[in-house]
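Presented sequentially are two complexes of chain A, the first with chain B as partner and the second with chain C.
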Partner chain A sequence: MLPNNSLVTAHFVSSIEEQSPSQSGVILHRSMQFMLALIIILSALMLVPDYAWSSDSAVATEAVAEELTDNKPAPVMGPRDYRQIGSMSSRSFVWVIAQLHLFLAAFVLAVPLFVTVIEWIGVKTGDQRYDDMAHEFMKVSMTAYSLTALFGGTLAFSLFLLYPTFMGYMMEVFGNQVMVYALLFFLESGVLYVYYYSWYALRYGNKKYVHLTLGVLLNGVGTTLLFVANAWATFMMAPSGVDDAGVVTGGIWDIMRGPLWNPVNLHRFVANIAFGGAIVGAYAGYKMLSARTMEQRAHYDWMGYTSNFIAVLAFLPLPFAGYWLMAEIYAYSQQMGITAMGGILAWLFIVQAVLIGTILLAANYYLWNGMSRCEGSGRYTWLIKFIAVTLVVSFLIWVTPHTLILSAQEIATLGGSHHPLLGPFGIMPAKNIAVNLMLIGTFLSFQLYRRSDKVITVPWANFGNALMVAIYLVAIANVIFLGVYYGYFTNTVYKVGSSVAQVISTLIVIVSGVVIDTMMFKGAKTLPVKWGQISNRGVYALFALPIAFTWLMALMGYVRSSVRTHWHVYTVMKDNSVDNFIPNIGHAGNMMTVATISFLALVLFIFWVASLGDTKQAKPVSVPAQNPAQ
Partner chain B sequence: MPNEPCQKCVSQKERKMNNLKNWVLSFVIAIAVFYTMDHAIMSMQGLPLKVDMTPAQ
Partner chain C sequence: MTTNTNSQSQSLQDEDLLKQGKIPVIFKVLSFAVLMVFVFTGIANLLPQVEGQAPKDIKVDLGALTMETYIAMGETLFSGKGTCTLCHNNLGRAPDILALNMEETAVERLSVEDYKGDAKNSEQYFLESMVDPSKYVVPGYGKAGEPSPMPTIDKAPIGLTQIEMGAIIAFLQAKDGGEPTVDLPTDAPAVEETVATTEPPKPAANAEEVLLKNGCTACHAVLDSPSTIGPNLKDIGARSSREEIRESIINPAAVIAEGFPPIMPANFADKMMVKELEMVVDFLVASEDSTQTDAPKETEMKGE
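Here is the complex of A and B:
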């Protein structure tokens, strides 16, 4: 395999060299040769049979068994296995550093994903504005990349310094896999820099496709990095490939593919895109509000719209990914699921509802304001009040708690531990209805926005519109019926089962909406859109989104990690540190807030640095020196 | 010719009829899709429904 690969690569590289004789191009091509060589070496290494990666093979099993004779159970931790920096809580320190690293990593892994798609749209449409916008998105993420690495390094040092025995066990379990992570990190850095700095060198013709290929490669490496790191977190939550005492019994693949690995992979992948879109949306909003010319304002308005589009599009399927993750958590350990959603952490899901409600309200508000860019939107504005009422009522139902911590007197006044009227809104069937209606409402706003600048001309337009309206109304009726009938009037197993049909109802609306619109937009007349005309109030929604997203990630990341309760590795390695308890909600909220505000400060720094590159000092005008004696 | 309907009235009637057909057909399709989906999803989970949507005990 290797010689053939080399020949293909050599031919590929030489054909590139023939196309670009310039000196700067040669340097670039050398870099590309280096990268390609690295990829080939990596591919060759992956082809080498390794018992650790093929646990099915009998030979591999024997090899593992031989090696395992030296494996030890997970150590029982004592006070000497934990260290502290001064009087600072080790958990608090690692908490904030890990959270900041995750925020930054989510951002830098997400941006290239949609940048490559935008770049590809630019190629397909021939509209250079897409290319410029994609490049500007990358520029914002470049500063964040260095910060990610710095916080990643700090996190690794902190963990080895403060939790040396625990980290020793993790190294024993994961072994050489951590070096694969390191290698991928080198690869990610190399490809990222080549991708960004070759933007203008590989801009037109076939070279653009070479550049797009680099983008795909960058995203492939970045996503693999994410999945590798996820395996460490999901091993701590639901260990696999080890026995009850923590002795390694399987290969690295058995250890990695625990029951929660893929749900977390999907959830983080989708959430990262929504988060990244929201952050660059705030950048566009900041640049738009500070624009000095109408042309700049129009450009950043368009950029803000695109960012919001990405964030909302990725956000819509996110609850379903979260649903899958929670279902898998329950399937793995009912106790763990109950700790998350029925115990001390359950209240955090009410906070989650507030944050998601904020995100949906802000995203809708931005879309409604954005409709003012186009005169054709007048046909649909009458619907906004209905969507707004649906969102607000659903939001209020979602945040209604099931139980309250009440005094005896309060219970007597209330007539019981549950409110007679609001009590039914506190349980999951009501919340499932609310969430699905909010998502359907948001998609309707999105669809109306897309239709605002179009006059549909297909002969079956009336039927298409009637079908879309029917799908919305029947879907809403179905979601409410499933929630009320199976949620309140049948047994629990139907309650849980019908929530899946509710989710599918919402997905049918989204998918059919996209398909019907795509077919109806064929040959449609396009009305002019006045970019830059959106009100400043609408732009402020672009700041609300990343703030709520960041807080939400801090919140749910804490819940995900805390479900382990007093275990470092659930049921395998006990946490015997002074912090082996779930802190009270107030303390946890403060910690999340510290991480969120610190990250937002870093984001401001990133925006400032990104803008600094465009700032040029005017050349000083030389004034002839005057002789004071004259 | 006072008894013959005017051309405009006929086309208006046709348009109304077509609109009605569109709406009826759309709702029939939508209801059929969601009804089938409800049965399919619940059966896949081992929770079959009867034709009138009551849970099979």
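Here is the complex of A and C:
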């Protein structure tokens, strides 16, 4: 976010100054003033003491301050504190509604992020197609925005209806901060509508920069909204600003900045981009398969490729964000960390492996199919079978479970608690090798795709290629050696340390690949790319990605929420409802499927509504009116 | 992939690419999506299905407590409410207490130079390691200079009581053949159960058991009881909603049934487990015996 915005601002300043110093100065000045004022307002809203919100007089301030000194502990929940709608499980109801709200919110917060970047690329390159594509992405997001608000409202009503005491406590803790959220929502709506509907009114010249500024503003407000809402979830996981009994002891800032707030902020921010990219990729895929002309097909092929690129690019750093989050969870409570990774929830990570494996396989499959757009790809297609075998074998190792729950008879049949051949594949060193090889394989597919439409002309091309091959071979050998030697033949302590070296090997491949290619592509001859020339079968990878992403988001949300075990607010407020247990993974999977299929239905509705705007009824052929007198 | 590989040198035919087929695109996409989702769901359902139940408080009759039951209680707590086995197992996260002779281990640790705690014997050491685990961190576990990763056992989220910690100490001392030095507790903050048990109380198996356990049949015509002290419950499902039934159990004074004395106890919400309450409500909602001609009016159930 920050680098992109900085670039936008920098470009904004330099371009305007080049074009029209006096006019641009006024626009810049006003825009900056506006931005500055907004930042000050937002900061003030976030930092001002909680009790100051409801006071518009000295008397009110004193009364509230007095009330603060008399804060109550978190209530002990009993059957009276829970309600039901008919015989429906309250948890299941809230689960589905909350998940749908989160899916939609992730999408509508993510789309403007990359839309603004694409719009800026359009300005920088002068290629009108980027601007059109950015606008079309926003069109899809607009319908989703209304649905997000509807589900958000339904979720709030559901929580207040079904968990009134719990929500009462949350309101007591967060106080007027929730009104900041409401205010931001108003602001987000206003800026969003202006941004979208002014697209063609502010399209060229300096006005385009005003429009880009609106995009930056929109993302600033949207990201703040996300962070504010994250504070509620992270407070429930790792409360801060309250004492052991739940009595509020700090200001709103102390409550918000718990140990897990920033890790969750980063993880959700990055994941949202990957998710949003995948959804608009599915939109492009759907439009492409429905296209009636090659022009339409080519346009949506390009749009799908760009979306897939965004999704995968954002997806690659997610494991690192996830690692930080889990490290902070362990630092906050080892018990909570073990519950997630090594306790009752550990089995979910096998499902996670299936989902991430699906995402990587689909991303690779799309790239391989996409190589048919360019005749130059024939030089590299022989490598695909090796990448495919590596991916499949690695995937199978990754999903091999370690500890199986077995009956005595099953243990006797198996000859021990672990399978004699498959057992060694179940432990972390094997999985670390598998994951790193999958990432290296995916990057190789991406690199081959990028090289497909180029003929490298630099005089040191052979040396560059040899260097690249050497880096791949050394990295792969290093990943396998580190995993096997330190994973199976030395102390456990080295096992953990070696995984860091494995990741570094993978990162070296990625970074050096980008650097070497960038240098080698200088002056390269470009071969024509025939957009639309990808098999329909390949386009289905664009649907596999968002489906796996959606289910994965639901799964990870379930893990994040379940680590609280039988607490509404961990260590502070016990969950004494009928649902105060962690459901088994089968039930959880069914719930995720209900949420995912409901979301897919909503997405189809969004796509349909977005397409409806382009549909024009043919003018009826006029029939000459008959003269009644005749 | 083979098809793609072979077609690198020649472009796919435009007409082929634009062919829509007989099945509309939306159905193809939807079918693909649903199929994928069901594959994920199937995998989730194939894995071992384990529920993570919330721990239940153990209520003890101290008068009937023996050292054997106290040790057994400690063993239950060790793997249950205490969540000790989450880390203290053979995976190397924390010392494997079940594999170690803890009496000998405690003596050994008290004698090392690095030990800075206040304990003088194994009983004190075990207690200290539970209530103030950072006093001594076993080498190889935790990070140097940082607090122990072990949670404080008498605080949330585990929150063991003094009696419960005593039981665990007794278990640790006895598990390798040693003699527990810990005293049997003689007073407790609240002794609510009359039956000594080393097992956490389990919810009743069904609604009938709940009704009998709580003495509902003494006043109400329900199950085989013909009692008329309180309103007839055999057809209550036909006369009252789920919410009304639940309300009348939790808060019987809210509405008193016409013609009946206000004698129903108000503490069922505290006596029943949440699951038990829901079982009873489900059972009563389904009670719609049409043969009951002397059924009270709808409001009569309220409060009784």
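One rule holds in what follows: the second predicted complex is superposed on the first by the 556 of 630 C-alpha atoms of A that agree within 3 Å, B and C clash if a C-alpha of one lies under 4 Å from a C-alpha of the other, contacts with A are read in each partner's own complex, and residues count from 1 in each chain.
Rule of thumb we're sticking to: contacts are C-beta pairs under 8 Å (C-beta built on N, C-alpha and C of every residue); 3 or more make two chains touch, one makes a residue touch a chain.
On a predicted model such as this, the values are computed, not experimentally measured, just so you know.
Asks: Taking the superposition as given, does A:334 touch the first partner, chain B, the second, chain C, both, or neither?
Replies: Only chain C is touched by A:334; chain B is not.
Asks: More chain A residues touched by chain B or by chain C?
Replies: C
Asks: Under the stated touch criterion, which partner chain does A:470 make contact with: chain B (first), chain C (second), both, or neither?
Replies: first
Asks: By the touch definition at the top of the document, which applies to A:84: first (chain B), second (chain C), both, or neither?
Replies: Once the two structures are laid over each other on A, A:84 reaches chain C alone.
Asks: Check whether A:317 is in contact with chain B, with chain C, with both or with neither, and answer first, second, both or neither.
Replies: It touches nothing on chain B or chain C.
Asks: Touch check for A:351: first (chain B), second (chain C), both, or neither?
Replies: It touches chain C, and chain B stays clear.
Asks: Considering only the touch criterion stated at the top, classify A:73 as touching first (chain B), second (chain C), both, or neither.
Replies: neither
Asks: Residue by residue on chain A, keep only those touching chain B in one complex and chain C in the other, then list them.
Replies: In the superposed arrangement, which is not itself an observed complex, chain A uses no residue for both chain B and chain C.
Asks: Once bound in the complex, which stretches of chain A touch chain B?
Replies: 462-463, 466-467, 469-471, 473-475, 478, 482, 485-486, 490-491, 493-494, 497-498, 500-501, 504-505, 508
Asks: If we count contacts the way the header does, which residues on chain B are in touch with chain A in the complex?
Replies: 18-19, 22-23, 25-27, 29-31, 33-34, 37-38, 41-42, 45, 47, 53, 55
Asks: Quick check: in the complex, which residue numbers of chain C touch chain A?
Replies: These residues of chain C touch chain A: 1, 3-5, 7-9, 11-12, 14, 17-18, 20, 25-26, 28-30, 32-34, 36-38, 40-41, 43-45, 47-55, 83, 86-87, 91-93, 149-151, 155-158, 242-243, 246, 250-251, 269-270, 272, 274-275, 277-278, 282, 285.
Asks: Going by the contact rule at the top, pick out the chain A residues touching chain C in the complex.
Replies: So the residues of chain A in touch with chain C come to 78-80, 82-84, 86-87, 244, 285-286, 289-294, 297, 330, 333-335, 338-339, 342-345, 347, 350-351, 354-355, 358, 368-369, 371-372, 375, 377-378, 381, 384-385, 388, 404-405, 492, 530, 532-536, 538, 540, 543-544, 547-548, 551, 562, 565-567, 570-572, 575-578, 580-590, 592-593, 596-597, 600, 604.
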